[in-house]
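Got a structure for you, questions after.
We call the chains A, B, C and D, going by the order they appear; numbering starts again at 1 in every chain.
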Amino acid sequence: MREIEGVVEDLELESNVKAILRGMAKTAFNARRLGEALSILEKITTECGLRIIAVAGAVVPAGLRGLLREALNRKLFNVVVSTGANVTHDLLMAFGGKHYRLKLSDVEDDGALRAKGFCRIYDVAVNVEDFAVMEKRLRGILKDLEDKTYSTREILKEIGLRLRDERSFVRAAAVNGCDVVVPAFYDSILGVQLWSLTQTRGLRVLEALDLSYLVDLQFNAKRQGDRTGILIVGGGGPKNFALQSALIAGKPFDYAVQITVDPPYYGGLSGATLREAVSWEKVLEKGEHCTVYCDFTIALPLLLSALMC
Amino acid sequence: MREIEGVVEDLELESNVKAILRGMAKTAFNARRLGEALSILEKITTECGLRIIAVAGAVVPAGLRGLLREALNRKLFNVVVSTGANVTHDLLMAFGGKHYRLKLSDVEDDGALRAKGFCRIYDVAVNVEDFAVMEKRLRGILKDLEDKTYSTREILKEIGLRLRDERSFVRAAAVNGCDVVVPAFYDSILGVQLWSLTQTRGLRVLEALDLSYLVDLQFNAKRQGDRTGILIVGGGGPKNFALQSALIAGKPFDYAVQITVDPPYYGGLSGATLREAVSWEKVLEKGEHCTVYCDFTIALPLLLSALMC
Amino acid sequence: MREIEGVVEDLELESNVKAILRGMAKTAFNARRLGEALSILEKITTECGLRIIAVAGAVVPAGLRGLLREALNRKLFNVVVSTGANVTHDLLMAFGGKHYRLKLSDVEDDGALRAKGFCRIYDVAVNVEDFAVMEKRLRGILKDLEDKTYSTREILKEIGLRLRDERSFVRAAAVNGCDVVVPAFYDSILGVQLWSLTQTRGLRVLEALDLSYLVDLQFNAKRQGDRTGILIVGGGGPKNFALQSALIAGKPFDYAVQITVDPPYYGGLSGATLREAVSWEKVLEKGEHCTVYCDFTIALPLLLSALMC
Amino acid sequence: MREIEGVVEDLELESNVKAILRGMAKTAFNARRLGEALSILEKITTECGLRIIAVAGAVVPAGLRGLLREALNRKLFNVVVSTGANVTHDLLMAFGGKHYRLKLSDVEDDGALRAKGFCRIYDVAVNVEDFAVMEKRLRGILKDLEDKTYSTREILKEIGLRLRDERSFVRAAAVNGCDVVVPAFYDSILGVQLWSLTQTRGLRVLEALDLSYLVDLQFNAKRQGDRTGILIVGGGGPKNFALQSALIAGKPFDYAVQITVDPPYYGGLSGATLREAVSWEKVLEKGEHCTVYCDFTIALPLLLSALMC
């Protein structure tokens, strides 16, 4: 029979986010999962040699750039596996671009929005001019770089070190020795811009090099008996790329936390349970893992705040 | 074109739940909605004469009985429209029953669970013995009551006043002059027990009386020019019953907040937007309303904590 | 270890809906579940003495009134447990009302929609005039009925027999000896209209009588050793009311099919698995049951068509 | 005000899938969307010069390999943008591998499953031996290929032409002049195997070449005034890669159909509406587009069957 862990303990009135999450761990449903996720993340960020955050959601446009950067400054994670989009939007901001809050209004006239120069990400807008500025500034940076084949990690480190915006998470990663890896590099505006700016040069970006690098990190952890942990935000390519490095190295993650809103029963990777990942030897059967079914814009800042305050 | 309200402001590191939610209001997606929900709830709980909380989720089994009771003690709401289940589980606890946390394990053997006497609500279990105790204690209370036709509000008030458990929200409501209304009374274990205990008597429960009562409250608010507000947790019957009282009285809610995980595009009432409710004159077109797409076990304690601390 | 049932068999190109669903049963994810649901429904509709369809979605506004009626004419089910809404909209159509398809447009101006006299159900609109006609026609029917306390089943039978629209499912039920039960009667426009038309009379509707009736049906099935089956469309009150009758009678359903889009991990009843229902003895542990995660507007007509053609 | 298109027309009892979908177009919610999707797909497959299918779901493991292959044989689409996973599983089957249906049982013991050599994809299992066979067979094919930098399209064409399994969609694409593009190539077992087999050689795969190719196709369509259409299955990387080619070329898709279960309000790309894509000039404002919220294992075979029979 399924074991009983204890009784549901009624939540007390608390104002401190860490106290609230601790209390939630003794309740039910996703509040309980959020509380358990905090416990596992405390272990990941203190016990693990390899500490990956895999990010698929629009973390930067949604105002979480600062908390992510702060987490890297504090070395809570030492590898970020990200969509190209988050890196793109971090650079866009580093070069002065902004994200705008659209009124949650009755009219969804995306044609009119575009006519005014705005592209939409749900309730956030970006001005196309900011992409043009980004391209121009990127051109300047790329002039400095030698022609060769880079991993995404290497090119983003080069770019990060050349950014002056201290609020950039790409810069924070570069400065703090944290790797940023983008498994589908050309599937983003940054990738497109970089490709168009370097087509006549010998500069290339090859994700296979990141694959090797990440697998080496896993092998090192295996050799040294280090524990490994991962926080998966939203699934997608970053989730698969990070987990497959564990599979290849034969070093399942000891700890894993996943924030998603995707159910398992549609069979997609983003919604795949961490228990399913056990059958792929991506996550350790005897390890600790927990999925929180919640919009990352709510769950991620709660968890990061509770970890850092 | 859709208006731009401002820029997305990066979240600062904060430990206080109210500060976090205030910050979220300037971000995106559901964090933003959570922040906006707090602002609207502050207006509901301070400006409105009629302040309804409509609850469809398993609030009591999930450990939110205390925050709900505290909200009633502080008169944040003066009407609770609820499923019978929440009232059932409140009484079960008032008579000494417990909710148990099940291990989030590999084995979902509900047959074995039942063989040991437990019924399951996702990751929470209830012992059938506790339902038996509840029935026995309820019998005692019902002996006191005269044979007549009660509204659910009236019978729950009678029951609430006879409970000794100070942690009960049904008792807190009765003591604080807050009404508890259950639109599908016989669709719950409490309803079933009450029916079986009174079949040979003249005691009846008729929700039509609650309909009249709730509509009268709306008419009164209309006559007095009072503002009205509603917090909808999870949709279902309570959402419809509360909103239809506004429709009948021709007094759309000035303020409305909805916590749900149901999308609108499946056409169900729980996922129906508050904008759709405008077409039914259940919510005021010029009013303020906001839906937060989030598990209530996370969103509700955050909002109530921010309101009360 | 989890058993392997066989290999995934690639779908063949077929035009017949039954052949497609049969093929799907050998595939994966929800297509497989849809195929399994068909097999179980074939058993429910041929082997079971008590065959319940519990309907929470807006089946009538969504154009499924005809398939539901045809299913009742063919006696596929002998009890319908429904929200008041479906009965309301069936009567609205029986009295000449219509449902309108709204353009899936850019503008969601529910205020303007209402100003023209329309209420919205996602992409469907209803004219308020049609509700007025319904009230008038209902008044005529109610004049005929004697003052007493009816179950919802009895009052809907009286109404159904007085309808002239042969496309009405309420009429089809009444004519074919199929019961229609509405567990939250006053939580619908029909309930409201009936209440307002009879407040000065002695006519009352009491769902407790339906509870007794449904439990009696279950006891009869138990006594006679009949198999029982249920098709649950969308969850909500109807799901709970039908399942609790099995619980009270101690006669778990032998067969159960559920069409829903609600995940289990938010802890709500609509998303609760049928396996969870085993722990409540609502569904037989050794019985056959299957949940299909799909909009009912797609899954229900596919299943009913495959059953009837 | 939102326009009214017509009345909801009740579904007739039909057995033919095309007739059912045609009927659904006059109903509501996602059945209506499914019917509209069929109309748009008929235009895509008959009017468009560039006809892309972007596939993120586990189409091959879920038994849809045959319908996809048949669609390519009939030239319904001329470009497939896919996750690496679908290509991996197609090759696995081409080399004799199988997908197994797991019992939808009570026990989710992924450790035991793995101990027997199986990896799980929700209710489907794959034997690790089959991956080993695939690697061996791939080694044989790669020996034939010269050392150079390939696009994913080129390497998959070379591989496809060397497959003997006529049921392979990769082979069908190669034979029929249909391009297969994989935007995150190294984020899959095929990519990993190919990388490990060629690390000591000069054979490389660079998605930037696919980006150029796809953008050229869009420019050609623009120059020739061809219409372009896309069917998006499940979102993710393939959706973004295909849509960004339209953005770069300044040639928004005239027609677009999307099958997803992801809501827009979590801000993710998979759930982003096609209306949002208008603001990015990925989809034409005056074009025709429709999203169907449904598991692709149900919606995709219905649409492909209706198109081909």
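Please note the rule applied: contacts are C-beta pairs under 8 Å (C-beta built on N, C-alpha and C of every residue); 3 or more make two chains touch, one makes a residue touch a chain.
It should be emphasised that the depicted structure is a prediction, and the values quoted were computed from it without experimental measurement.
Colleague: In this assembly, which chains make contact with chain A and also with chain D?
Modeller: Of all the chains present, those in contact with both chain A and chain D are B, C.
Colleague: Of all the other chains, whose mean CA position lies farthest from chain C?
Modeller: For chain C, the chain whose C-alpha mean is farthest off is A.
Colleague: For the identical-sequence pair chain A and chain C, what's the CA-based rotation angle in degrees, nearest 5?
Modeller: Rotation angle between the two copies comes out at 180 degrees.
Colleague: Distance between chain B and chain D based on Cα centroids, please, to the nearest Å.
Modeller: Computed value for the inter-centroid distance: 43 Å.
Colleague: Distance-wise, how many Å sit between the C-alpha centres of chain B and chain C, to the nearest whole number?
Modeller: Averaging C-alpha atoms per chain gives centres 25 Å apart.
Colleague: Express in whole angstrom the distance between the two chain centres, defined as the mean CA positions of chain C and chain D.
Modeller: From the centre of chain C to the centre of chain D is 35 Å.
Colleague: Can you list every residue of chain A that touches 2 or more other chains, as numbers and ranges?
Modeller: 28-30, 58, 61-62, 106-110, 113, 118, 121-125, 263, 265-267, 275, 293, 295, 297
Colleague: Mind pulling up the chain C residues that touch chain D in the complex?
Modeller: By the definition above, chain C touches chain D via 1-18, 20, 24, 26-34, 36, 58, 61-67, 70, 98-109, 112-113, 115-116, 121-125, 167, 275, 290, 293-295, 297-299, 301-302, 304-305, 308-309.
Colleague: Please name which positions on chain C make contact with chain B in the complex.
Modeller: Residue positions touching the partner: 56-58, 61-62, 85, 108, 110-111, 113-114, 118-125, 183-189, 191-192, 195, 199, 204-208, 210-212, 234, 236-237, 240-241, 244, 248, 261-270, 272, 275-281, 285, 295-297.
Colleague: Over in the complex, which chain D residues touch chain B? Could you list them?
Modeller: By the definition above, chain D touches chain B via 28-30, 106-110, 263, 265-267, 293.
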